[in-house]
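Step one of this worksheet: look at the structure below.
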Amino acid sequence: MDRRNFLKLLGISSGTALISSCGVDKANEKIIPYVIPPEEDIFVGNPAYFTTTCTECPANCGMQVTANEKVYHDVRNIFPTKLEGIAGHPVNDGALCMRGQASLFRLYHPDRIKRPMMRDGDGNFRVTTWKEAYAKIIVELAAATGEGKRNMYFSGRTTGTMSGLTDDFCKEMSVERLPEFEVFSHANLKKANDIVFNRPEIPHYRIENADFLLTVGADVVETFMNPVASANHIQKAKDKNNLSWYHIEPAVSLTGVQASKRFAIKLHSEVYLLAFLLQSLSQQNSLKKSLPARISRLIPDYSITVIAERTGLSEENLRLLLSRFANAKTPLIIAGGVSTAQENGLETAVFAALLQWATGMTDNTVDFDHAENYGSVGSMLDVRKLEDSLKNKQVGVLFISRTDPVTYLPEAEQFVELMKNTRLRVALSDFMTSTVQECDIVLPLSHSLEAWGDAAPRKGIRNVIQPAIEPQYDTRSEGDILLQIMAQKSGAASAQFYNDYLIDKWHSLYGEGETVGMLERGYREEPVPSLPAILSGDGTEAFLKNAGFVVESSDKPVLVITPSIRAYDGRSKVLPLMSEIPDPLTTITYGEWISVSDKTAKKMGWKDRDEVAVELNGVSLKFPVKVQHLLPENIYMVQRDLIYPQATPVDSRSGEESWYVKDISVNATGNHIPMPIMSGSMHEDNRGLLPPEEEEHPYEHKEEHPVGRMYAPHEHDNYRWGMAIDMDSCIGCSACVAACYVENNLAITGKKAHLNGREMSWIRLEPWVKDDETINYDLMLCQQCDDAPCEPVCPVYATYHSKEGLNTQVYNRCVGTRYCSNNCPYKVRRFNWFDFRLPEPWDKMYNPEVSVRTRGIMEKCTFCIQRIRHAKDKAKDENRLVQDGEITTACAQTCPTNAITFGNLMDKNSRVSKLAHSNRAYRALEELGTEPAVHYLPKKESKEEA
Amino acid sequence: MKSIEYNEQLERDVLAALSKPSPWYWVALVVCALLFVTGLSLWLYQILKGMGVSGLNNPVGWGTYITDFVFWVGIAHSGTLISAILFLFRAKFRNAFNRSAEAMTVFAVMTAGLFPLIHLGRTWFFYWLFPYPNQRGLWVNFKSPLVWDVFAVSTYFTISLIFWYTGLVPDIAIVRRYATGFRKKIYSIFSLGWTGSLRQWWHYNRLYVFLAAFATPLVISVHSVVSWDFAMSIIPGWHTTIFAPYFVAGAIFSGTGMVITLVVPMRKIFRLEKLITINHFEKIAQTLLFTSLIVTYSYIVEFGLAFYGHHQFEAAHFTYRLLGDYQVLYWIMLFGNSLLPLTLFVRKLRRSIVYLFIVSIFVNIGMWLERFVIIVTSLAKDFDPYAWGLYKPSVVEIGITLGSFGMFFMFFLIFVKVLPVLSVTEIKEEAAHE
Amino acid sequence: MNEQFVFGEKHEFLQKLKDLVKGGISPKKINVFTPYPVHEVEEILKVPTSPLRFFTLLGALSGLFFGAWFTAWTSLDWPLIGGGKPIVSVPAFVIVTFELTILFGGVISFLGFLILSKLPSPKRIGTPVEHGNQFVIEIQSEGK
Amino acid sequence: MKRRVAPVVITAYFLLFALFVLLMGYFWNENQKTPVQPINFSHQIHVSKVGLQCTFCHTTVEKSRFAGIPSVQKCMSCHKSVKTESPEIQKLTKYWNEKKPVPWRRVYSFTIQNYVYFTHKRHIKAGLECSNCHGEVKVMPHIERVRKLEMGWCISCHRAKNAPTDCWTCHK
């Protein structure tokens, strides 16, 4: 059933129904009308909007799809062209991360599996029909049960109705449903909460309520749980309770750099710090709940000097932390990531949990009632179990859905061999992953933008997944597949559609009216029973009794395998945009690298791009070096998606896999590897991109006493569009960059071009190292200068200054002298060196409101002028001026911390003018007299914090 | 010797050059033509593929092409200098060089004029750079130094051509007298039916003076405009007031170098030793030395401005130019433009043709590098360190550059075979005075 | 029937010319052909300065005014702001105006020369008059 | 003899070539003006004879950037019964039965479609008549392009009606 009738059935005035009318086709020769006429209230030029859920990572952000009507290869259809967060959504409140922004590249990926396939006699895949595939599966299942073998359903994280359906399916078909496989299973956290509270869950951290946040290793704004939400809530807390946020980590992460204070801690010594905090706080009895003696005596108790020596934190820093905890009304500690995925990880997590209980966080900032939905996610232990049963040839049919163990497990070859011990391997997947390669039947999955469904990221939230486009290939949703298999087994003439199944479920759960509301909103918040987190004395005691506290003695080099903000655990690597956008910390785009401490590099005389051979686990891997400031000596970092999985110790108690490879040796090979490092230099040298460091009046606003000028400034009539960027809010997540790429049809130029310095980003994050201690960012985009140096040099008026203060570029007037780019002090103009057109079918995602530039044309940020144009058009209809907040640019829209404010500088009451005239504001390279329209608010110095 | 015989002899000597070319001439011509054609096809390739086939990138939007442009315009200048300015100053040694110098000017400007088109991202719209009435009702932006270039260069080409041709008319009339058959017809046409009558000489002399008077400020303005392409920007290393005089001097310097490079072999091949004497060369060598000193002075002043001015970006830039990624080129340039020419203070060296020839080659290289260094280093590292990047010419760029040399020398080779390489009339006049 | 005197040497030729003028033959009737410009001739025959200079002046002035007008007019025809500079930025336009002055001046002077000296003359192109390196004095006979 | 032939031949050749080019140009232009439509649809009949309003078929002209082309269903709503015997209508019926859209040839298109933002809505709201740009469609048996849609033409009108002439009003 197509979505329109479906929605009709739901009685929704289909503001989101498939629209149809006449538009402009690419070929521009034919005009293709619809066969069936359009809905009356919908017409071209107005895109359709759908609410759905992002499935790029387990966070499940609420997503609003902008679908534009286009004729593609003589077929009129609507195509999703932009993804944005749903404003007010409990998870992401309007924002989306870079991966979410880019997931259209997955929807239109040319390498998607396009039709069901089955392995034939001589082991090659051949296209098959669904019926045939199902039949085979049913036969094999029966046969396997006959042989007394167990069939298993092994999938990635599954929530909401799908989870229930999977259970039904497994019951129906006598299949065991295994704990789900996630690389970031947070097993130690779950285990710790199990020990301390008898709740094997990951609580929902209510950062927005905190006034002091201590993140221990948890990269909360990159990959930990829900980065977008965390970033968003950190900002809320900053505004609400003037939050101060400290970060402790053994390595260095973007999160650490963004925290108001960052402490580098010795390897595996987090546990001592937490123990120290517990003990000291209880001694100065500033704990809200005092720990039972039987527990507290089991907690290591050392003098501050010992702790300082163990952790490498100075005593005053330790005291600072203590006082922070003591004085905070609603503190919050989040342990995770690099600090829990290690030998002391479980202990660290347990102490964190104890601290959360003792300081009363569990009553406000640590929320178990809305626990993150990780219950059904297993750990490495479960994988081991699976491997055993495979070893013992107990498995008949093995379903592998939406997960790729062969890629993510260190023992890949072994696992592949073991998989062969099954009768039949069925893969449900959208890509030909290395796991799928090893299967017999491949059932192609629809992208979540082509399918119905729902998701429950955490208790109390139900997200809707609804299609924005019909399946482009012969693919089906997992729900449909399971239902159809069941139906075919029971010999039913036709299977129930998964969307019907959903409706029934929803109706039974929420009733009809509520269901409609949920579909329109895109999510539903449901009340959950409130159970306070109660300390389990016995469990904790038992654990602490035989807890071992490793002390990291060896000073041998250690490799940390960190998550990647761009690729998560590696799954988002297929999105070309994720390689095109620089890694925020290193500004590297394509290819792999190893991050080396600047101190180590100095000692060894290594420079960026020097190749080193890393000896680990008996193999030797080669990486080019990237010198990383703030990284402690002897610690090396490689992102998970850039190195094939390493065998690291697995905690037998929790099944958490350590992220550390110890006793590695690193030696230069003497080669140099060309590596696209986008940043020409990380040193700003007070050039005026960061706020000037003046002694008195630190951030005095320059506008009041302007630089001398020859001519009077030209006048603007109603609007002067401007922007204010708060670098104190900005957390460097690069979501804005991704949003800009998608909104403005920016080109993906590839590695070769990047090596030649030919990236096309209109907006970029620039990291600046200050005296090797801090890394500050600025966000560079066209400054829309009032006295723009680029304008007067254009011989053909291709670029000029609009009355609304925009520094515009008329693409089809440009002859390509590149003079404007030369003359731009901010170097934000981009030249089309070739015809960088996206290959089919990626070109489906082009935004029809923005032209696709061809070779030889200079292009640049226009403050999303197409959005301005629409707003003005609307305003004109209602014959008024554009209101403040009516327009926002793509970058500002997706910012999780609302660091970017766009608006009209002529309107003295607009938010942007207020910020622009605040005495914190400064402008980049102001002394050049370019009169930029972009105003920056600098990062607050941590000394103000302390 | 009676002057009439002397003149007959003179004519024979000069026109000997127009006699049947030797095989070596053909070899040279073919080589140049091949280079030229290669250059053209590479350009076509670039148009079809996009500017990406060059080594240019972000931030370095200009490189070899603009360097070539400035270089060739520079070459052109000394042509005008020698013929026009020296004419106004009644410098006698001029007539040994002026014809080939003027020819050089014309060909160099033709070559130079191509490069602004070559460097365009969308060459096929080059005509948008000219103000012509169009249905769009759009004109060009007269505030843009590139438009100034369009006017300066096209004016320069026209005037130089007229100047050159005017000087040629009486000489073509002489060739006409010697030529036979088809060639005679052609020469008759181009001599416009010159008779040498009183009336003709009367207006001719005036015209020549006026053209010379126009050409002189023109030269200055043209290269000033070229320099303003850079000086009008805000890029450290470009944005400086001394650029105009500095570039003009540089242009004359490089051009003089090129004149020597061209005339030395020409003189040898066509046995013009008794017409182009060592004294002539000494004079031109002095010009070379003089301009070299001016250029060197500018180099020093540049650094002075940057460091004494205590301007952060300028200082950073000039340190980079001196010790940065391109320092080798900079040092070669200094050697060729500033150090080597100093040796010309020595009279002996000044009067050694071979030595002069070598120096002139170094000057050519040095001056090309000067423009390259100025353009590339300034762009490679300007205000925003994040956007810093390096540039190196691609095969296509090098090919097109060689092609431009091919084109220039091809034209010159053709010229020496079809037109008198010395201004016969003027030498006669000169002789009559003595 | 014209009377012709041909000389191989400049001084003989000049001498003869002086004699002729002394002899009362009006300079208007005398025409001379020389292999290269001989300035003494003009003195002897009291030839005024060439009117070519008026062409030059006219050309230069027209270039000047056209340039000044054209740059300003085109800019005002569709006023577009660039870099905060005024629509008519005189300093920039002066340069173009200057170039145009020279261009027009030069071209029109050349045309002037062609017109004044009656070049190109098809007749002469067809049948060139050659005097070689000789100096020729031609006196138009009476009645013409 | 030869000497006489050669120039004649050459001139003749170039003349022919020029003529050829001119003819090509003419035909191309004509073809652009009135492309051959898959169905011989006559605006004259529908507007003058039947008396339909423009907006009857081009429904979104007042509210959208695009005027809108009637869906096949819309055509069929009348032609189920009207003129069913005519061969042209039978073509239409064929499309309808096959549920295929009619591949109409575009008559008005910007040469640089990709770079131009044009909205019908604004122009209608500004009180322009369809005929101001599209000519007297009601007398056109074959729809014909009466304007080249060149920038200069747009601008002349924008200036006359002092509509905005900022480049980014229409460029994108």
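For this structure, a couple of remarks:
A, B, C and D label the chains in the order they appear, each numbered from 1.
Basically, a residue touches a chain if its C-beta (ideal position, glycine included) is under 8 Å from a C-beta of that chain, and two chains touch if they have at least 3 such contacts.
If you're wondering where the values come from, they're calculated on a predicted model, not measured in any experiment.
Two chain pairs, A-D and B-D, are weighed by contacting C-beta pairs, with A-D ahead.
Farthest chain from subunit D (centres taken as the mean of C-alpha atoms): C. If you average the CA atoms of subunit A and of subunit D, the two centres end up 48 Å from each other. Per-chain Cα centroids separate subunit C from subunit D by 59 Å. Subunit B and subunit D, compared by their mean Cα positions, are separated by 54 Å. Centre-to-centre spacing of subunit B and subunit C amounts to 28 Å, using the average Cα coordinate of each chain. Residue positions 167 of subunit D each touch two or more of the other chains.
Of all residues in subunit C, those that touch two or more other chains are 78, 80, 82-83, 85. Residues of subunit B in contact with two or more other chains: 137-138, 140-141, 143, 147.
Contact residues of subunit A toward subunit C in the complex are 709, 711, 713-714, 786-794, 797, 799-801, 803, 931.
Residues of subunit C touching subunit B in their complex: 8-10, 31-39, 41-42, 45, 47, 49-50, 52-53, 56, 70-71, 74-75, 77-78, 80, 82-83, 85, 89, 92-93, 95-96, 98-100, 102-103, 105-107, 109-110, 112-114, 116-126, 128-134. Residue ranges of subunit D in contact with subunit B, taken from their complex: 150-153, 155.
Partner subunit A is touched in their complex by these residues of subunit C: 80-86. Residues 134-137 of subunit B are the ones that touch subunit D when the two sit in their complex.
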